[in-house]
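The letters A, B, C and D name the chains in turn, as written, and every chain counts its residues from 1.
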Amino acid sequence: MLKSPATHSSTTPLASNDETSKATKSRSDFWLNAKDKYYAWIFLGPSLLILGVFIFYPMLKTLYLSLFLTNTVGKPTVFVGLANYINLLTSADYLNSLAVTMVYVLAVTAITIVLGLVLANFASKQLAGIGIFRTLFSATMGVSVSVAAIFWLFIFNPSTGFLSLVSTWLHLPQIGWLTDPTWAMVAVIITTVWMNLGFTFLILLGAMQSVPTTLYEAASIEGATPRYQLFHITIPMISPTLFFVSIITLIEGFKSFGLIDLMTKGGPTNATNMLVYRIYKDAFYSGNYAQASAESLILTVIIAIFTLIQFKVLEKRVNY
Amino acid sequence: MSISLRNVRKDYDSQTEVLKDVSADVQTGEFFVIVGPSGCGKSTLLRMIAGLTPITDGDVLINDKVVNDLPPKARKLTMVFQNYALYPFQTVWDNVAFGLKARKLNQSDIQHRVDHALEMVNLTEFSKRKPRELSGGQRQRVALARAVASDAEICLMDEPLSNLDAQLRIKMRQEIYNLQRKLGLTLIYVTHDQVEAMTMADHIMVLNDQHVQQIGTPSDIYQHPANEFVAQFFGTPQINILPAKRSSENDHLLTIASDDIEIALNEAVPVAELRVGVRPDQLRVSRTDSVESNAVVKNTEFLGDETIVYATLNSGDNIRAVISGQVSFRAYEPIKVTIGSNLLFFNNQGQRIALSKEEVVHA
Amino acid sequence: MKKILAFLRAHILPVIAIVVVALGAVVYTSAHNQVSAKPGRTKIVFWNEMGGPAEVALDQMVDKFNKSQTKYEVIPQYQGAYDEAVQKIIQSHGSSASPALFQSFDISTAQMMHSKYTTPVQKFIDADHYNVSDISPVARSFYSNKGKQLAMPFNTSQPVLYYNATLLKKYHITPPAKSPSYSDVTRVAEQLYKRSGHKVKGMTMEIYGWLMEEALANAKTSLVNNGDGHTGNPTKINLNNPTTKNYLKWIRTNIKSGDFVNYGSGASAETNEIAAFLAGKLGIFVQSSAYIGQLTTGNKDKLGISYFPHPDGKKANGVGIGGAALWISNDKPKKVQKGAFEFIKYALRPDSQANWQKATGYLALNSKSQSQPALKSLYAKQPEARVPGEQLAAAKPNNTNSGILMEGMQLTRELEETSMETVYDGGSISKALSTANQGMNANLKTTNRANHDYQ
Amino acid sequence: MEVVAKQSLSHKILNYALLIILTVVVLGPFLIGLWTSLLPTMDIAKGNFLSLHISLTNYVDAFTKTPILQYLGNSLWISALTTAAQLIFCSMSAYAFVFLRFRGRHVLFILFLATMMLPFEAEIIPNFMTIKAMGLLNTYSAMIVPFLTSAFGTFMLRQSFLQMPAELKEAADIEGLGHFQFYWKIVLPYNRISLITLGAYSFLGAWNQYLWPMLTTFSNAFRPVQNGLRQLQSEETFNDWGMIQATAAIVVIPTLIVLFIGQHYFKSGVNEGAVK
């Protein structure tokens, strides 16, 4: 949709629906049918096995565990129905986690998209040596959580950190970046945005470059300014990509764990205790598998909703 | 290697019929063209012969053996596709050699055959190139070379020239024809282009509306089309089909298009109402005044050696006439249209009515 | 790039073959054990949570043990923080990856006991006729239940009160008593704050559940029923009691008079209070004795140490210990468990413990360590380093100062800390305590229910 | 992309200036990290950020005093195996969905898609138990086996396979190629760009795994680099900033190189595989 499929007029992609491919599809009732079934087991078998054991079974097991209380060693002992869910959804603590996660996810998504657009817009200008800037802008894609955490932990360090030095030089008040609840959230958001930026930039740049040049040529003949072109041609044209990147960022945001673990451990005073970190803490710190399982299911529902939205919209290929 | 189709039928989803009761015999070494408008099922028929699509009913025979249940590879044939089906990641040479390697021929045999095939299609110097580095015509030749290199004596072609420009198409037409003759291939060729069919085929099968309309030699089909569809399908500009009536006074007299044109036949008109097919070159057009005229000119197309005149009869029927040389008419100029000797007659179901005498009209 | 692709294309089959073989190899090898010991020695995987200088000291101790005999080899593996290690131990139990010997912290004792995943060291003590009388009784009682030693205390600390002796001298303030009362501490803090012209904050108490529990212990008050869990499984929490209120009121008094500074909770709070103390901006704070090392090296001022404060008009009961103990898993062969106990004995030898205290600040648990050269030289240089050990020795073990034998202590501490936070921020003491009490009771009820009341 | 007829010189300079500012902002953390990795820890602790005592001591320390090479090797091995396995298994299942006809194909495909809605993060508890039951705790396999295939990879390759001209399959049928031959000789080479893209994704994905290895590895012999860095941080209790930054630099530099080489594939992969 972004890039028109590289097909010659003559090629009949397997996906299309005209006469020839109908003929191809008729292989469905080809008399090798029985054999195809046998091949299907071979080709799909390994993947089915893995997905079954590590995706489907665990989901059911999680559901099962969430309906029980689990004892010291994690065995389900007492059936309590939905009590774990009710406890969670009435606990101020868990609602706080939900709220904190929402704030984080929305902030990260919005800021990443805006900054990604800014970078992509600059990097799509036709200037000598622009390729170097494009490469540099995408650099954070190669940064893993732990590396990003180390870089930023030093920047945010209260006593010897870079920002603390800068504020000293400029005689600004010191900010308790990782110790103050509000600023800790800001710090985590900044770091996440920075990590996401390279990927987002690259995707948006790719989308911008595949907007047909003739649209801009026509617009500039009609006297549209670059800014006007950005908001009335580029952004509408890349809207499917924008949507895609937003959803991906959103979903990844809900799954954030590494940075939280490395930078704040959910603190201070639960200010950054997001959903996955909570699951981890409840299960692997407190040993409360049942509650963690209930939390896992709630997380799954949230992510499934966003994934479904993604599928639905991509299916419709809503353009502009 | 002969091929026979016996009452072949194809349904999809046991609902939609694609082909009904197709029967045909293709002789060894014959150039057999299946022609029809798009969507008529001609590609499906070809794929059923190849074994790519199962048949719902009937039999496909190769060398008098029923092959309904044989997979494609066991049918010993090759196929050339509309988009050539070249492997973009392999060189020309490897593309031609691909099937041979798959059949596990020995190395020297492969070498020999591929080189020979490339030579036949004049691609020897391109053997190291990738398909994307070739022009459309060259790609088509690679596909041909694949068929040549194979030892199969049956070759199926599915609109192999439709992606080429007009000039190249004419050239490749000849090359395919020469190749078929040289190799003695039994070739079944699918196209929607009647010119290709007319110029290349030994026999033509005309398909339309899930049915075989006619099978015959090109001249047979042109001169004795089985029905209106076949008559209309062949020949440019298209044949004129006009409604006609037997005159109530004289059963040898035929009134065409209301009463604009009258024609006397050599024998009695067999039915009261019928349709007459007149090839555009059988129509004559002359200037006249508005009282005498039976038509007005719509426009003319000058083609260099002849002129096509489009006109509307007083009855409202549109006609096309081909006149040799250059003639010029103004739009709305009144003309008189008359009919030559060669006519075709169709009943109201569109089937041709054969008359006993060759020359039907008094000259 | 093209060349690489060409290579890959040409060699894709062998590459994949290698990958498949390797994959098989990995799966195969993983079924076997990963860590190889020296041939002929029994391998003992030892999980610990000692980072920084303590890790170095521990590795040295292990190294010496391995060299001291020929039957066993202890392989130390660092597992991160105490909190996460507990679950790792429980969850890996019964697999080839699980440790034979592990270190687990004080508040996990009930959990370990209930899991039934360990062999109580009492079994080996009895079999070996090992004499435990030299090992600190308070520390031992923390990890024992109904007279049976479950685990061997290892790295042990005591909460003590640190004060800046130089500053007190400068402002002519009488230092707090060796075992100070709340009001005694308040006096010093207020005087320091006033006399320094508000330049020096008098005191701080970290928002840390452990400190509140120790305040209860020192006042001989139980947090939970059934003798803080020592006489039976706890069923009821009693956080909202006069002793806790008294403790929080004491802090509130100091907050109101302005001499108190709040550094919040967690590791950062500890770093910050130490930084302030070393910079001479804070006079008094209560913290683990394991910090002595950090507080003496590079400190230009003289360090003063007193016992944990006790409420006025009440005799100090003595405080429980902090730190961790060594446990022996029961999922390993007898020979391995025996080896693990050999290491425990080695770790508690007088010389081992003396070196341990010197290197880490954790208290030597073997009473004979005090006469070891390592400690003697330490005391000669820093006489105040004796104080925590004396406090430990002074306490007579009873139910209230032997820790709280209850599961879910991590969660309990979180709730305690939330209540402390509320109070520090000016909220109502009894309301904060009753909220926490409610939460803790609910957790306890769920835990007991999930474990069928440990029937 | 704006059509700029003639850019004035000042306009150009402005553009470059903005680009350079953006570059500095984006690369700032890298630069700060790299710079501090060259400084002695004492200078960092004192806030002497503009120190001139530059040396590679921290790097030497990182290599000799920490198991960073072991961590890197572990990660490399885990990522390489995961990538190879995903390429094989995802392409196989994608092949089945495109080229094989069998009952339940549609349902199975929906099932595959559905797995994309189930976050692995929410399944760590049962998966931990499974891996434990398989006896794979603290092994490479623990970090590879659950990720041998992926629904995303299958989906992406399926999209790519669907773009193949139908005639290729028919030509292969006529030549008599079986499914394995067609898969191996035609489908894989034809889709190599998508395969490289998926490979890059799988590799980066495996390389960046954090939560799962943290739960399943207990010793440095198997710990991948992300968790290794976490381990180093907690062991070093954040005192030796210079060396910590050096370890981070050691980890990030190879990834950056791979990324710059493979950039093109990431971009096209996402645009074609996911959005289309």
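Heads up, the rule we're going with is that a residue touches a chain if its C-beta (ideal position, glycine included) is under 8 Å from a C-beta of that chain, and two chains touch if they have at least 3 such contacts.
Please read all numbers here as calculations on a predicted model, not as lab measurements.
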Of A-D and A-C, pair with higher C-beta contact tally: A-D
Farthest chain (mean CA position) relative to chain D: B
Whole-Å separation of chain centres (CA-atom averages), chain A against chain B: 57
Whole-Å gap between the CA centroids of chain A and chain C: 39
Distance from chain C to chain B - Cα centre to Cα centre, in angstrom: 93
Intercentroid distance (Cα basis), chain D paired with chain A, Å: 14
Two or more partner chains touched - positions in chain B: 47, 52, 71, 82-83
Where chain A touches two or more other chains, by residue: 11-12, 20, 24, 27, 29-30, 74, 283-284
Sites on chain D at which at least two other chains make contact: 145, 165, 167, 170, 189, 192, 215, 230
Residues of chain D that touch chain B when the two form their complex: 165, 167-168, 170-177, 181, 185-186, 189-190, 192
Interface residues, chain A side, partner chain C - complex: 69-74, 77-78, 158-159, 178-179, 265, 267-269, 283-287, 290
Contact footprint of chain A on chain D as seen in their complex: 1-5, 12, 15-16, 18-19, 22-23, 26-27, 29-30, 32-33, 36, 44-47, 49, 89-90, 92-93, 95-96, 98, 100-103, 105, 108, 111-113, 115-127, 129-130, 145-146, 148-149, 151, 154, 161-167, 169-170, 179, 183, 207-208, 210-211, 214-215, 225-227, 229-230, 233, 238, 241, 244-245, 247-248, 251-252, 255-256, 258-260, 263, 266-268, 270-272, 274-276
Chain D-touching residues of chain B, taken from the complex the two chains share: 47, 50-52, 71-74, 77-79, 81-85, 87-90, 98-99, 102-103
List of chain C residues in touch with chain D within their complex: 1, 5, 9, 12, 16, 19, 22-23, 26-27, 29-31, 34-35, 47, 51-52, 55, 77-81, 88, 91-92, 94-99
